[in-house]
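Chain naming follows the written order as A, B, C and D, and within any one chain the residues start at number 1.
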Amino acid sequence: MAYFKRGNVELYYELHGEKTKPVVVLLNGIMMSTLSWHGHLPDLTRFFQVLLMDFRDQGKSSRMSQNYDISIHAEDLNALLDHLNIDKINVVGLSYGGQVAQLFALMNPQRVNALVLSNTPARISPYLQELGEAWKEAARLYDGEKFFSLAIPFIYSDTFYNNNLKWLKKRQEAFKTLLDKDWFNGFIRLASSNLSFNTLDELSGIKSPTLLVMADRDIITPINEMELIKEKIPNSECLIIHDAGHAAFLEKQGEFLAAVMGFLLRYN
Amino acid sequence: MAYFKRGNVELYYELHGEKTKPVVVLLNGIMMSTLSWHGHLPDLTRFFQVLLMDFRDQGKSSRMSQNYDISIHAEDLNALLDHLNIDKINVVGLSYGGQVAQLFALMNPQRVNALVLSNTPARISPYLQELGEAWKEAARLYDGEKFFSLAIPFIYSDTFYNNNLKWLKKRQEAFKTLLDKDWFNGFIRLASSNLSFNTLDELSGIKSPTLLVMADRDIITPINEMELIKEKIPNSECLIIHDAGHAAFLEKQGEFLAAVMGFLLRYN
Amino acid sequence: MAYFKRGNVELYYELHGEKTKPVVVLLNGIMMSTLSWHGHLPDLTRFFQVLLMDFRDQGKSSRMSQNYDISIHAEDLNALLDHLNIDKINVVGLSYGGQVAQLFALMNPQRVNALVLSNTPARISPYLQELGEAWKEAARLYDGEKFFSLAIPFIYSDTFYNNNLKWLKKRQEAFKTLLDKDWFNGFIRLASSNLSFNTLDELSGIKSPTLLVMADRDIITPINEMELIKEKIPNSECLIIHDAGHAAFLEKQGEFLAAVMGFLLRYN
Amino acid sequence: MAYFKRGNVELYYELHGEKTKPVVVLLNGIMMSTLSWHGHLPDLTRFFQVLLMDFRDQGKSSRMSQNYDISIHAEDLNALLDHLNIDKINVVGLSYGGQVAQLFALMNPQRVNALVLSNTPARISPYLQELGEAWKEAARLYDGEKFFSLAIPFIYSDTFYNNNLKWLKKRQEAFKTLLDKDWFNGFIRLASSNLSFNTLDELSGIKSPTLLVMADRDIITPINEMELIKEKIPNSECLIIHDAGHAAFLEKQGEFLAAVMGFLLRYN
């Protein structure tokens, strides 16, 4: 509902809930936007003020004309918090947003009260790199329906497909008009920004309470990949969402909210 | 901190936290007592009034002289709630206590706001039956140290043993004096009370929001056994505590609390 | 090394090994050809005569001009066996070839001595249907390199990618020239032939010894999907290839050969 | 069917099958004896000469009066092979026998053609140590029926119990007379012999082809424990027996034979 101007980049953000409550920032996965969280807001705003933001090249934020490194989003967030006079936050990062969350927590440890890393890796493995290439290939078709067809079967679990085909086909239909040339070009730049992302040597520096949310049918960031994080962050906690894929936050919204809210409330 | 007399049976219970908050009842596993939950109280009482109780033949409640059916504990709880003028509760049942929770929810659906079934089965499978026999055999040695040695490796996960051997050996030492003849006889009666427990045909009647808490190294009530419940309770939610055994509530107290509190707060 | 003419369709097949040995027929996955098995032949021909065949629209067999049902391959195989005067066979079917194997075993039970179903489903679930659509979408680009990029991350496991990226990139390079317009059109017809494939109601009729080969990182035909077969075929045996994806037969050639040969030799 | 005298110890062994075939030695788990393999012989002797042996303190071999280290069995085997003029062998070691197999392969690498390690660890973890203590505690009751009740639920999977309760109860009945004081004392010494067993630093020296047989419901040597071996033995292969516990060789005899025979035949 507002824009924050950083240089000539306009960053779209939304603040929901009461000022008196502790702040939670929800960081988007690569294909998401602030809109993706609106179903989660009613529960979350009972206990938290919620800050949503579209990364540059996402949602309603500015489209870039050049490539950048994923760390720029962590800097954007930091500047936004200064602008909003928000000091301490809880960070929930999903997938790509989970990578941003790791970078933010490493750059600004004093600002992070508690951290949730959901369906996110500590490195771009060769497999993730090739998956990124596949998605960019699919994006270069500039066709929302085809993009959905080619990219989404990695995101949602087979069980979700088996139980929600109708809903998925409607989403595919919607992609036709929602995803325009600008969206695809933004997506391609986002998907090019984290090729060298690797926090394995630094994660042990994260001292804030950390929850890892995994999903047992996630084929993009499977449990064993997230365990690389677990080994590095001492005392991190860990919950598995059952029968869900990479989009666990949506496939099992109730379970995702339970895990995240239960964890955050213990440290707020 | 108080006793409720039902017939000639004294049921020990504790009420923690403020009256104005929604009530959560925590139902013990077979080897537990009200004491087992004291580590969980500081977090829980921030949001709930917590009712703990020792089942008959458990903790500070009366020892029986005859066998009974597990359903008697559900009746005891119902009477206790009447006595305390508590109408609606949230129920968290662990293992044996999870079986009581199922029976209570089936007998008194109108009293249950939300239900958490943790590491608990819907039936006494042949395996569970034989495990029960093994535990009774171990109990009949009337020796706390030996009982610990023989029964506990089923309860805690191998990974917990591998990381907490010292703590476990101290527990074993404590069992020497804590478990007396009365305790063992009570345990044997408890372990004899659920041989015909089977809710599979009735579970579909549970309409309150339900969370299933599983643990991926639980060998007593493994994930596939708890999925029998999931199939029967429409819309039940499900979280897995990673790298934990049957005693997940203690092995991973943080994760257990996160799952339970996050779920309950969404429905309270 | 020879062609069998059925109507106006030329079916390419190869017979390897000695006539005196029991016959094993290896049935290709959808993207495979007789060539894909050549690494397996040295081991297999020590104990078996091996019959390979390219399904119509595959490898060196005729390209069709119209769609057909997957069952036609089972009929083709049956006719080929008549032509070769081979009575009894052992059948090893992989993925699409595993579906053909099921159909063949149901049509010609008396011909099947023992059956191996590897990484194959009993039905085209909604997920598999959408995956098929994605692959056809990718095929319609008529570009081997892009097809590899978009379709192959489903086939090989993440762990295989992580350990064999160089080999995979060389394969991708090879796809450029190997996959021509004819190949893609054949592939699209093959991928359109099994939309209504579903043997769940018939599988209980399979009486020959059956081995199910699963892989624990197979995201196309995951273990739970193959367990649907297990429930239907009484006494079927089951081995899991560890740390392998849908292409387990190639990712873990040694383990695949061990499982298949060990099983078949017990029944030959 | 014969005894080999080593010092004043009589080691019972059996040789099955034809001299012209490659030799496979099957090494017993701690509660097993040569008899435990008789169901496997018909299949195995088609391709191998099979050597069975009872370790000292096992089956028909001598009972000791003092403790010893597990490595003594590897020396016993080596001496027995000299005695029998057998040079090269294939070794299949199960659980405790798998530990002996590791030690034998490390001491006599030139004698090992191929190695199968089934349901066996590379170290006695704290959990295994406590499990050993539990079993010794159970043995000191000198009562076969109680021993069965207390120890066997760790050995067979829950699914095996659920499907074969009758057979298991008959076994329990048989234990009454089969297990006498001598047996228990032997068992206690065997269970005391491997407390410091740990091959993790040496396993990389094993150069013979190696197959790891795991079972996905094995709670004594679970998959993650056996993966410690996998990391150390370069190029070891790995098959998982589905829905089986620590006694996979018996719970799923067919699958076990398929995996072992298929692997061994590739290297013989």
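Quick notes on this one:
Just so we're on the same page, contacts are C-beta pairs under 8 Å (C-beta built on N, C-alpha and C of every residue); 3 or more make two chains touch, one makes a residue touch a chain.
Model, not experiment: these values are computed from the prediction.
Farthest chain from subunit C (centres taken as the mean of C-alpha atoms): B. Averaging Cα coordinates per chain places subunit C and subunit D 37 Å apart. Centre-to-centre separation between subunit B and subunit C, using Cα means, comes to 49 Å.
Each chain gets a centre from the mean of its Cα atoms; for subunit B and subunit D, those two points are 38 Å apart.
Residues of subunit A found to touch two or more other chains are absent. Pairs of chains in mutual contact: A-B, A-C, B-D, C-D. Here subunit B touches subunit A in the complex through residues 43, 46-47, 211, 214, 216, 223, 237-243, 252, 254-255, 257-263, 265-266, going by the rule given at the top. Against subunit A, the residues of subunit C that register as touching in their complex are 125-127, 130-131, 133-134, 137-138, 146, 149-150, 153-154, 158-159, 161-162, 165, 168, 217, 219, 222, 225.
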